[in-house]
Each structure stands twice: as structure tokens, then as C-alpha cells.
Amino acid sequence: MLEAVLSKLGLPGYEPEAARQKFYGVIADFDTPEDLLRAIRTARAAGYTRMEAFSPFPIHGADEALGAPRSPLGRIVIVFALLGLAAAVLLQWWTGAVDYKLIIAGKPLFALEPSVPIMFELAVLLSAFAAVLGMFHLNRIPTYYHPFFNYSRHPGASNDRFLLAIEAQDPKFQPEEAVRFLESCGSRHTEVVEA
Amino acid sequence: MSAFFSKQFDTKLRLAAAAVVVVLGTGGAVAAYLLHPRQLDTGYTPVQPVPYSHKLHAGNLGMDCLYCHTTVAQSNYAAVPMTEICMNCHVRVKEKSPKLQPVRDSYATGKPVEWVKVHRLPDYVYFNHRAHVTAGVSCVSCHGRVDQMTEVRQVQPLSMAWCLDCHRNPAPHVRPPELVTRLDWQPEGDPAMLGARLIREKGIHPPDNCSACHR
Amino acid sequence: MADLALDPRMELNPPLVRGGMTYTDVTAKISSIVEGKPPKQWYIAMAFAVPLALLLFACLGYLVATGIGVWGNNSPVGWGWDITNFVWWIGIGHAGTLISAILFLFRQKWRTSINRAAEAMTLFAVACAAIYPLFHTGRPWRAAYWLFPLPNELLHMWQNFRSPLMWDVFAVSTYGTVSALFWFVGLIPDLATLRDRATTPLRKTIYGLLSLGWRGSATQWRHYELAYLLLAGLSTPLVLSVHSIVSFDFATSLLPGWHTTIFPPYFVAGAVFSGFAMVVTLMTLARWIYGLENLITMKHLENMCKVMLATGMIVGFAYGTEFFIAWYSANQYERFIFLNRAFGPYWWAYWSMIACNVIAPQFFWFRKFRTSIPAMFILSIFINIGMWFERFVIIATSLHRDFLPSSWGYFKPTWVDIGTYAGTFGLFLTLFLLFLRYLPAIAISEVKGVLHQQVSAGHAAHGGSH
Amino acid sequence: MNELIQLNLSSLTGRKYWRSLNQLADTPEFRQWVEREFPEGASELLDSGSRRTLLKLMAAGFGLAGLTACRRPVEKILPLSKGVEGYVHGRPLHYATAVEACGVATGLVVECNDGRPTKVEGNPRHPYSLGATNAFQQAMILDLYDPDRARQVQKQGVKSSWADFEAWWLEQNTKLGDGSGLRILSPRSTSPTLDALKAEIAKKYPQSVWVEYEPVSFDRVLEGARLAFGQPLQPHYRFDQADVIVALDCDFLGLDTLSAQPVRQFASRRRPEEGRELNRLYAVEANFTVTGAMADHRLRARASDIAAFALALARELNVTGAELNIVNQPAARERKFLAAVAKDLLAHRGRSLVVAGPRQPAEVHALVAVINQALGNTGQTVSYTRPPYQPSDSLAAVQKLAEDLAAGRVSTLFVLGGNPVFTLPATADWAPLFRKTTAVVLAADENETWKAAAWQLPEAHPFESWGDVRALDGTASIRQPQIQPLYGGRSALEIAALIAGRTERRGHDLVRSFWAAQWGAGAETKWKKALYEGVIEGTALPPVDAKADAPRVFAAVQAALKPAPPGVEAVFYPSWHAFDGRFANNAWLHETPDPMTKLVWDNAALLSPATARRLGVKDGDVLEITSGGRQARCPALVLPGHADDSISLQLGFGRSACGRVGRSVGHRVEGLRAASNFWFGPAEVRNTGATYRLVTTQEHHTLVEPITGLKRHNIVEEFTLGEYRHRAEHGKHEPHPATDLFPEFDYSKGYQWAMAIDLSACIGCNACMVACTAENNIPVVGKDQVSKGREMHWIRLDRYFSGEEDDPQAVMQPMACVQCEKAPCESVCPVAATAHSPEGINEMAYNRCVGTRYCLNNCPYKVRRFNFLNWNKDVPEIRKMVFNPDVTVRMRGVMEKCNYCVQRIEEKRSQAKAEGRRPIRDGEIVTACQQACPADAIVFGNINDPESRVSKLKRQARDYSVLEELNTRPRTSYLARVRNPNPELV
């Protein structure tokens, strides 16, 4: 019953047969970051466009090689920082000078000077959340199922292996050809991974 | 080998999470509503030892509040009447009524009738009837249309926020002091206008500092 | 892979990962701590920590039931051990964020093998610290829900945002939250590693869920690194602000000895000082328990000793400045309060502070002490003691003799004071040991990053040997 | 009107209910409690910590934690059945009454809330109250509700009843015949009605003896007059008429007076603004008393050397016919002092006054009378009347009583109040003597005498019973009860009536019939008037024109006065805590520190620093004092300014049979007293080596800092008269206008409350402290907690010594919240629990306070008080009846402090509004401390009214703010202490 509804909605994991991808792509396995980078460059030269690399630690140059755009995270965080500031000012001004005007130590009902600490703290708090949640969003995590995990040697990617995937969406994608190509780049183990 | 988490796992997880959020959200909203003093504290209608009807006395018979609540203009308390006062009439009226037995007993023995308190404030709150009544705040503002109640019921939250609302904007609740016990009284025109005038004339400015009520 | 130890250049600048470890070795070594059975020492430590933690709860229960009177606090000394311990723990907490954030911004590679544990330490220290402001009211249930600006139909009342205590509430809770985020973000890739190494379904599930389906794809790393950088950038001013604001509790008052403009920098320096001391104390222990000599190398420890020396000097300088200003201000009350610290009834506290905070770190001028584990262990403990006394001196001795001689008094702690303080140690240690047991105590992926650079550096050194 | 009683316990734990007292009495709990041997609760919180078990309280605490009060408790309202005249629920009633102690009577006005007496004030119409009270009168109200009072008629400790007792007496009195076996021992009484009954008893039992005894008596004053004038006369001093006053061992501002009058008169001459010349006070004394603290010049002398000094003074003044030889040569310093004093006195003939204390022998009083006569003061500053009671030589009488008892000549002994077994001279062992006869003891509490009695009768509290008194000048007052006897006690009057065999035995009938007889026609109206006004017109005694025969006096004096032996003397004083023991179970007084030593919950052997050094004694060392062959132990306390070789001991402590508050508090020194050394005598002192913890509320006693040795200014300002005049001419120095970060708050509109406290007038008598305690439901915390600095007084008296340690000056400074306009406490409170009212009061909202104590830390005056524990936890029901219903009872974890009696302000405000919204008049609002102050040193009012008293005072040249440079803008300012030194002595 629920199943039916979900598949009608076509939510992830419940797509109708027709809409389902057959392959995720082909994944190859390299010894060192350098080998991986070399492979990426060759593949791009060969005209592959939809690729993804997997590594136990960030490899500098990898995303350039893959031709990824700059991350928008910075802009998100700025916005939230400003929101935090504004919220702090509003909170302190409205509660103190509008909603309940209590005379405290003969001081003004609202002044900027004593409000600074809380303004700062709220700004930091909101931008920190923005940074983390923004990153989660951009990285689409948490997402517990990913075809990548179907690759027999995927655990290597969190240990000491450096993997390269040519994805099925790639217009130039041909499973056998992709396998052959990656083997030629020096992959230790190449697999066609189903979606 | 294949992935540890199934294809459907993420969808299930998200749906579950959504469900939790919805349940908690609605639950919280409901609780917030119910725990709000307007819901929590109003409507309290205890059973009294004597089925005394304000509707009958104040409403139909049109007795003035001050006939029984004699001290309201002199004291912090409005004074629940002494048995004596009941007996002023009930020596003759309904002198046999079984309902009035407790009253007659009290009058005979001198032991009080144990009325149940309806409008209760915390002990650290000092409400002064005299101050309000002499300023022209009607009984009805806090106690509602008692003249229409057979059993007295709390109709206002009597929360601090509620007090403050009036202390900050008294105009709608101020009327000529001699009319405070006329629960059904309506000024011609906007009560706020009249209130504003009286406030100006008499220089009424209700305090909202702490020790106005907390000592 | 070339043996790095043979490389002459490596000797000049000793490697941060020794013993020619490979990526797999690193993974294996660190994961083994979590996967294997904990060593005997771990159980001994737990046996010590857990009862103490229980003592904490007993003391707090007694306090809540009876009232703040069970502590030694009195009039004029309204704050005694409670706020002393609060400031002390918060101070401890600073090293973690400092190491992870500031050193990260300065690209100090040597932070990698200690930052994880240091961050954990921060969280647990903040947790211990938070206990005090909450419970020193004696009625935490009120403090808990009245210190946060929640709209309240019943009262229509709001907080007083002029009060430094209110700033504290925001600062400390923000600090706690951000540190937690920072720590967790750092953990994600390593949790993925544990997930991938996991053998039992339970571990697969738990670490799987915790690692949020991390794949280590280039795209993910891209956003991840930026996020981490931003968090570091945010935490840096935050960590400085927190102890500044804590110092405002005192600096904005009008009490002689509190009303001092030097406090913010002086408190921050002190915090870092005590924080590093605590890191050294714990790291030397962890290193010994789990044999992490190759990951937490002498270089790490020596650097930390240098930081302690530097901050110790700053703190010492601050003590001097306070006295100078007190004299220079020509304010009778100021002058008296400082003389009273040194020569009044609390002289012993003052001079203990000087001995531990100013004298002790001087040993770190000498390499011999900077590189001797026992020496730095003992000195770090001295510093922790000294920094506790600093807070006690500031709070108690300023309060006990203020303006009107008629209301002077003296503060004596009760057994509940002592029990509560000891108890927070129990809580802290328990949490830290659990952390060691169930989470990667060293940032696996970051160490690999460092290792990778060593490797490529090694290749460069061997100059196209292949 | 007293059937009705409402217990309106405004406590945060919240319990309000109406009860008629009869009903309360009917409840089984109450009965049971009344009859239980040792009721629990009460002052248990005084033995600190003990009773708290961890688990129980964890439960309690966490119970509270789940604080959302869902179901509301059902509360009953119990209105009266029948009306009570003049009673309006919620409005207090005030009744005039009068009390007496040691033969000194004062008129009072008692406030009753719904039938509960809750507060004592002075009666402005009464010449010896003038509207003021002393600490003891303020504290009496607590004794009324003392759960440890005698509650049950007993026969040898077995429960009995009044009926049984009366039955016993009816057959007993038949056996008495001429009453040769009948003795009646009572405290000094001024009651005319009782005098009448005494006469009847004397007639019925010619051989019976009625003995009046007071442990603190003024007999020697009258004896002195008898010596001087041939008849016992009561001197009346006019301190307000005297320019020069010499007090010889006379604490006339403190414990040697029991009324406000002398203080009020003296203080009226210490205000330089009021035009009249400042008086000058010379004090010669052993103990450092509050009178000594007010003195412009003070000479330390052993009590036993005072006589010699008086003689020397007489000679110095060469009073006619005075060929006197000094008993021992005065020292140089003393001679200088003598000369200056004599010169000053002679310069102020007719406007000077010499007074001697009740401890001094009759000869000294006679001598003083003659000196005053010679100086022409008689009739000017001192006049004489017959005493308001029958004077008698108590000591001789009790000696005789002891002999009679020992010889078994006494069959029945009535003790009508007091606690003689504890207070009588130690010449006899009284308890066994009492047991030898049938002792019928009427006692307020189950005291030592009660324990020794055959019949034990509970005595009614003065506020529970009818009676009448006569003030020192004879002015009579009716004592009317405020409430029915809580424990069915009876008054001495009623027992006397029983003895006299009167048929009417109710106090009311006795008193009323007596006065009806006096008045004859119009008695009814006179009676009402007497009750209403609290004084009976035309009852004051006429002055007696007395002429002393100087030569005869000198002869007698010369003969009587022997040179005092050198060495240590022991002197007995009443104490500020228990007086002579009658207040031993009064927690308010025990917690109120002694004005000079600041000691609480104890007495001590006071000695001078020099003597302490010589004996090698320090504070808390337990001394063994031997005097008159008897011994007592008492911890030592060094008091700067105390005379050398003299040890001051306070009476009334170490009660063995007493309520839980006072049981074994302090050390009993009565055991040293005999007729020979009744007030003072030679003593040996030995340091036992044992130590005892004495707790004081002030640990640092000067304004001089340790370490630096610098004096702190801007706390207490003192001028000599000269300096003051100079300042007055050149105007008061205005503080430098402080520059503020923020704009000023506008306090120019409406009422702006403020206070001025005159340090020249304040004598530090503690009346304000106890008054505040009573008015504001201030809890008692006990010795342990005070030692931790947790006392709760909203107003305290800071006492600072200045000058050299051996012979310092002292100044008192009442310190309560000064209501800073820029209050440091407010800005630091995180929850805004303390904020400012638009009228300038620094308010505390207890129910908002979370208890961070930050405000306490940031208060430079340290006037904030924190409820470290739940001080009201164990307060028994009966004791709660003393609570002021207009003030919240604070729970633990809450900060509190003075708020200018805001409940009184609000009351007057709503009254003024009800009366046609008229403005509040100056002086209409009186704070509790101000109302009690006998010196009229505290003035409260509105500073926006330039004509108000407080505004005028604040314009004075000697007005200043404490710690002005902090720019906290206190609303309470102080008027500097002005001293009037004799140029020849400085």
C-alpha cells in the first residue's frame, strides 16, 4: 500500500522499473593520488565529462582536474551571519525598550554598547550552523544508499585506495569501453557498478 | 558485493524523521495552547457548600455587589460576606430551605461557612481591591458577568501578562467609580474614549514596576 | 615506499608521522584502538573516574535539595569555588578549539594528531563548566528556563541583556554548540573509515548512520574542506570572545580587583595556558596507554610546551601589570585589594598561583624539560593547579575584603564544594575515556593528508628515482 | 475583637487560611501540639545542618523541579459568622497598651492583623515612648508566639488545670491563718490595681510578706535620694535642657534606661543645624557602652573607682562645705579630665547635669544629687518626684526570705512571674529552698523556677492580659490585651486577686473596677479615653521640692566610701540579647548583635586590650572568674576602650531550663552575684586554657586598612564642631560632576523617595534592626550561619573604632540598602529580578530571582542578603502568626534587601488615592526603622518636595553619600557625626 504510493511519487529507491538506471558506471582503483590524477586527466582528454573520484583524504587538484565549479558555501554563511546580527539587535531592543520598559541602573532602555557581545555570539552561532548544514545540503548527506557502495572495493576509498568512476550519465559512456579505457590507465581493479 | 543500506533506506529514514517532526510539532502546539493560562486557569468552577446563585441575587434580584462584598472600597480584600449578612434576609426569606442549612448552622454556632476560593493569586502577589475599585475599574473586568453566573467561575487568566495588558492600556477598563458594580453598564460610544478622558482627568497611571504587586 | 627515516632532510625537520607508516598502517593503528579490546589501564582509569562522577551527582542532588548553603559561599563572598571552577573548566576548554581552529588557519600541520582529542576535551570541559553557573543558583530548574529568552505568556518578563551573565549564557552555549559541530564535522570521514572496516552488523549500522553515508568523493571533499575552513575561521574569534566575555563578569563590575580593563586578553592567555597544560596531561597519558609514540611525536609535545611557556609569560606579565596599574591608579581600594592578595589572609593562594603559573613554565626554556615526558607531565599538572588558584585569587580575595570594612569576611569551602569539584573530574575523565574507547582519537584522514605530503616530499628528495 | 484570627502566611510555598482562634485551638493537631512535652519544629534550624537527610531532600528537591503546578489546591475562605466592630478584613487595627520592666513602664501601640498582634510601635502620647521603642519592646511580639512558652497548668510536672489549682487554693488558704507562712515573690510592679490587691492581701494575711525583686533594679538610685533628701525620690533628668552632661558609670542612652525618652532628649541637642548649642557629654565608665560611644570625652575607670571620682569631682567643684579627702589620688590624666569637667560644669550652672548609673552605691547617687544641687541644676535639668512604686530594699528582703525558707517558716510561696531561681543572688541555693515549701510559680516559660515549683502556672503574655502601669513620672496607662491567651495563661494580677480572695478574678474586671473607683462619675468615658489614648490624664506625680543637707551627705559618704582595692573587678550588666534572662528564648534579640562587641548568640567577659595582654588572654579563651568566693566560667572578648582591671559580665545567659532557642546559650554569671558584689566587686581571673567559639557580625573593627595602615574616608565622616562650622560657612562641597557614558535617567517627576540618617543622633541601640526584622519577616539563621556571614538583617549597625586601641572613640553607622539611582546590582542581574521603580526604589522581585548572587558581589555596601538555605523551613504554625501579611516570606535561593518598607508606601498611596487622589503628605509614610528610632536619627520622604524634612536635611552642610566617588547616587545619605570636644582636653 505505502509502497504503491511511494513508487507513484517515484521517491529515491521506489522509482518505477522504467525510470530506473541500469548502471551507476564503471569504477577503477589506483594505488596513489598521483596515479588517480593522471587517470583523470587522460580520461578528460579522452572526452569523458561525468566522472567522480573517491579518496581517503582530499587530493589537491582533483576537483580542478574534474572541472568542478567553486563551492557556494561562503555566500550562504555570510547571509546567516548577518541574520544573526539582526536577530540579536531586534531581540535586545524589542524586549528591553519596547515590550517591557524596566529601569535598570538608570541606564538607557536600549544601547548598542552592551548589545555587542550577544550580537557577535548570535552571528557566530547562526553562521556555524549555516556552514555545517549548508555543507550537508551541498553534499547531499545524510544519504545512506549510493551505488558507489556496490563497488566491491569501495572500502578502500576510506583507507588507502584512490578510485575513479566514469558515470553512466556520461554521453560517451559504454560499459565495456569504459572498463577497457580505465584498465589502460593502470587501474588495479575495474568493475561495472549497477545503480 | 552490494551496499549495506538498501536502496529504500534513505526514503524510509526521511519519512520517519518527517513523521517524528510532525508529531512532536503538533504535540508541542497543543500543549502550548492548553498550558496557556487562558486555557489552564480559566473556567475553574468549584462546588460551594451552599448553592448560592449570583445570577439570582445580583442578576434577577438586582442586589448591588457592595451589599455583600462590603469592604471592597476600603480594603485589599473584597470580603466574602459574614453569615450575618445572609441572615439579614434569610431569617424571613426561605427560612426553611434545606439548602440554607449550613448558613443557619453557622449563624447558630458561630462557625464559618467554608466557601471555596475561586479567584486565587500566588502569595507573592498583592492585589488591592480598594486601589482598583476607587480608580473606576469595574468588578466585571476581572470577575466577568458574575450576575449571570449561577456558580461563580473564573473567566480571566489572572496571569501577570494579563494584569500588565490592562496596566499598560487601562482606558477600556476605566469607568466612573460609582458605576463599577454595574456589571452590565455600557457607555454610549467607545468605552476607550471615556476611559481615556477619565484617566486624563484623574491622573490615573497604573504602575508596571515590580513592587507595585510584589513585596 | 622509501624509508623516510633515512632521508637527511627529514632529520632536520623531524616528520610528524614516524616509523615509516603507510596509509593502511595509520588506518589500522588508529582504528585498532576502537576495534580492539581496551587495555588494562583503560579499565583502571574508568574504575577511578566513574565513582567520582557519581559523587558529582550525589553532591548536586544534595545541593538542589538543601540549597546553596551547603557550599561555603557567604556574604561578602557570594561566589566561591563554584565560579572558580566554572572559569577554570571553561579555560581548559580553550586549547581544543585553539588547536583545531587557529593552528589550522596557520597551517600548523603538527596539530593533526592531537586536535581530535583536544576538541573532545573542549566539549567535555565545557560540559563540566556549564554545571556550575546552572547549579550555583541552588535552584537550577529556575535558572535553566529563565536564563534563555523564551516568550512567556505567564510573566511577560524578559532577561536583562545588560548583564554579563546573560552574555555568558550566549557565549558559553554558542561555544559549546560550535565546538560540537566542529568536532563532528571532523569526525565524519573517520567514521566512514570505521564503517568500512566494521565487521559486525551492529558496528556497520552505528558507524554507518554516524558517518551519514560519507563517500569521500572529490565533490564532497570540496565542500567539506571549505566548511571546515569556515568553521575554523568562525571558531577563532569565538574562542577569543568566550573567555573575554567570561572576564566581563568581573571586568564590568565595580569591585576592586575585578574592575580591570586588562582582563579579556589576560583571561584568554590564561585559558590557552591551562588548556594546553591539560592537553599535555591527557596526551602524555593517552600516548602511554595506547603506544601512539609514532603519531603523537615528541615534536607535538615540544611545540605544546613552547606554547605553554609563551602563554605563561603573558599571564605573568598580566599579574605584574595589575599591580602596576593598582599603584598607578592611586585608587586606595585598588591598591589595598592587590596588597591584600599578596599579604592578606589568602597570601598562600596568591603565592601558589605565582609559583605554579610564573615559575613553573620557566623550565620550558630548556629543551631537556620540553622533551622529557615526566617533566612536562608534572609541570602541566602544576600549571593546572596554578590556573585554578588564579581564578580563586581573583574571585575570593577580591570579594572577601571590598569597600566597607564592616562587611569583610572569609571563605572556607565545605566538603560539598570539594566533592562537587572532584566530581567534575570524574565526569570529565569518564567522558574522555568513553571517547577514546568508541571514537577515533586521532584524525585519520588528516594524518594521511600529512603523510601524503611527506611521501611526495620524499619523492621530491629522491629526485625522480623512478 | 480578638476571637477572630487569620493566619495569612504569605510564603512562597503558599498557604493562606482563615481560622478563628477557638477553631485553631479545637484542631487535634493544635491540642496535641500544645500538650506535647517537646514540640518539634521551632528553632531547630538553629542547630544547623543536622536534621537534613540526603535522600529525603533529593526527593524534595526534584519534586520541586517538576514544578508545573497543574492541579490547583482547593483553598477555603472562612468568613466570620458575626461581625466584629471596627474590623475590616485586610486592614490592620492598632491598640494602645503599655508594658513595664524593672519598674519602668512605657506606652506602646500594637498593630493587629486580623486578630494577630504582629508589630509593636511606640505610643506618641506616652511621655516615655514619644512614639519610639527600644529593641526589647520590638522583640516582645516574638515571645508572644514562642512555641516554648509555658502552656499547661501542672502540679509537680503532672498535667492539671486551673480549676484544680483554684480548688487546691480554696482549701489551702484556710490553713494560712494570719499568713505568717505566706510569702509572695514578684518582679517590681507599678500597677496601681496590684498595689490595691497587695493592700487587701496584707489586710487578710497580716503576717504575710510580699517581696519585690529585680535582678536589674534602680533601688540604689532611690536609696541615694533617701540619703540625700531623707526620702526615696525618683530623679527625672532633662537631657534636652543640659549643655554639659557628666555620666558616671551611667549608660543612660543604653541599658541603664528602659525607655526612649532620654535618648530622644539627648539626641535633640546633637543637631548643630537646629540652632541650639550642641551639648557636651563626658562619660566615666568601665565598660565601653553606647553612651561612651556618644561621649565627646570618655574616661575609662573601674566601676569601683567611680565613687572616688565622684568625690574628687565634688571637691574640684568645691561644693559648699566640702572638706573632702580623696580616697585615692587620681592619675595625671584623670586630674586633667577632672579639672576640665569641673570647669565646664561651673561654666554651665543650671544648664549642666551629672548622672550616676544604677550600679553605683547609694552614696554616689547622694553625692550626685548634692553636686547637681550645688550647680543649681535641681529644678532646671533635674527634678524629683515620689517613685511610681513602693521602694524597698530588695536584697535585704530576699536575704530574709532565704532564711525563712531555710528555717521552714514558709508554708506557701507564690512566685508571680520572673525567674527568681535563676536571677536571685547566689547567697542561697534557691531551687532546694523552693522545694522545701509549696511553691506556686506563675511563669512565662518552663524556666528554672518553674522546675522547682509545686504548682506550675502558665503566665499570660502582657499582650494577652489586662493590667495597668505607671511610668517613672507616675503617668498611668491601661494595659489591654491584643489577643486571647494563646495557652490559657493568667496574669499576676489575676493570681493576686485569687490570693486576696476576690470574687472577680478576670483581669479586665479587676482593672476596670479599680479605675472606676478612682474616677467615680464619668468613669465610662474616661475608661474609653484611657484605652484609646494609652495614657490616663492627670496621673503624673507632682515634683517634690527636695533640699539636700550637703554636710550630712558628705559625712555619710566619707564614712561609707573606702578606697577600692587594686586588682581586677567583675561588673555585672544586663545584656543586649537576653537583658536579665527574660528574653533568653528570643531569637530576634540573640541574632541582633551587641552594639559595641557585635557579638551574637552569646555573652562574654569583656576586658581591655591591656588587661588581656597582662593575663595572656585572647578572644574566646574561657576564663574562670572567682568573686565573693564563687566561681563562673565565661569566654573572654577583648573590647577596645574597656577600662583596665575590670571585667564586664552580661546577665541572663546560660539558662539551663529554657526554650530551645535559649537553652544553654552563653554562660551563666549570676552564680557570682551576692548582696556584697551584687553589681561589682573584686575578682580573680584565671585562664582555663579551654577555648570557646564566639561569633561576631563584624570582623574588622576600624576604618583603617590592615597591611597599608591607611584610613578609608567617604564611609564615615566626622567633624568637630569647629570643623563643622567652617564647613557650614563655606557650604557643603559638591561632588565633582561625574561624566557618564549614558544620559541620566529622569527622576524629576512624581514622588522620589529618599532617606537621611543622622550619625550625630544615632546611638546604635539596635531598635531599628529589630523593628525591621519584625516588619519585613526577616528570618533568624542562628550562630553557625552567622559565623558563615549569612545573617539576614536588612539594616545593620556598623561600628567603627578610631584612635588608639586602648582608648578609642567609636561611631555607629546604620547601613541598609541605600537605593542607588545607578544601582550596580541591577545592571548585573541576568533576569531583571532587581530593577528600579520610577520613584527611585531599588526593587527586589523575589519570585523572579534565580539566585546568582551577582548583585551581592557587585553591591559596594554589601547590604544584600541571600537565603542560602530555607530559613523558614521549620517555623512552627504558631510562630508563623507573627508574620507581616504585607510582606512575602522568602524561600531559599532568593536574594533580599531593604526596600524602604515599600509595603508601607503602597498602603499610604492607595489610601491617599481612595481619599480623593490627594498627594501623600510629608511624614505620612514612616519606615519601620524610622518609626522605632528613639533618637529620631532616620528621616524618610520625598526629595521632589523641597519642603519635605528629608530634602531639608539633604541640604545640610554635613550631608554626604557613602562611597560617593563610585557614582552610584545613593538615595540614602548620611549626616556626618559632629563631636563637641572640650578645647582644654584636645
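A, B, C and D are the chain letters, set down in written order, and residue numbers restart from 1 in every chain.
Going forward, contacts are C-beta pairs under 8 Å (C-beta built on N, C-alpha and C of every residue); 3 or more make two chains touch, one makes a residue touch a chain.
Since the model is a prediction, treat every value here as computed from it, not as a measurement.
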| item | value |
| --- | --- |
| Winner on C-beta contact pairs when B-D is weighed against B-C | B-D |
| Subunit B-subunit D separation of Cα centroids, rounded to whole Å | 47 |
| CA centroid of subunit B to CA centroid of subunit C, Å | 54 |
| Separation of subunit A from subunit C, taking each centre as the mean of its C-alpha atoms, in whole Å | 31 |
| Length of the line joining the C-alpha centres of subunit A and subunit D, rounded to whole Å | 81 |
| For subunit C, residues that touch 2 or more chains besides their own | 155-160, 162, 166, 195, 208, 213 |
| Shared interface positions of subunit A, touching two or more other chains | 100, 102-105, 107, 142-146, 149 |
| For subunit D, residues that touch 2 or more chains besides their own | 824, 826-827, 832, 835-838, 848 |
| Graph class of chain-chain contacts, one of line, ring, star, complete, other | complete |
| In the complex with subunit A, residue positions of subunit C that touch it | 22-24, 27, 149, 156-162, 166-167, 170-171, 174, 177-178, 181-182, 184-185, 188-189, 192-193, 195-197, 208-209, 212-227, 230-231, 234-235, 237-238, 241, 245, 248, 444-446, 448-449, 452, 456 |
| Subunit A-touching residues of subunit D, taken from the complex the two chains share | 741-745, 820-824, 826-827, 832, 835-838, 969 |
| Complex contacts: residues of subunit C adjacent to subunit D | 58, 61-62, 64-70, 72-79, 133, 136-143, 146-147, 155, 157-160, 162-166, 169, 249, 252-255, 332, 335-336, 339-340, 343-344, 399, 401-410 |
| Interface residues, subunit D side, partner subunit B - complex | 9-12, 14-16, 18, 20, 23, 68, 72, 74-83, 88-91, 835-838, 841, 843-848, 886-889, 899, 902-903, 906, 910, 913-914, 917 |
| Of subunit B, residues touching subunit C in the complex | 4-5, 10, 36-37, 159-161, 164 |
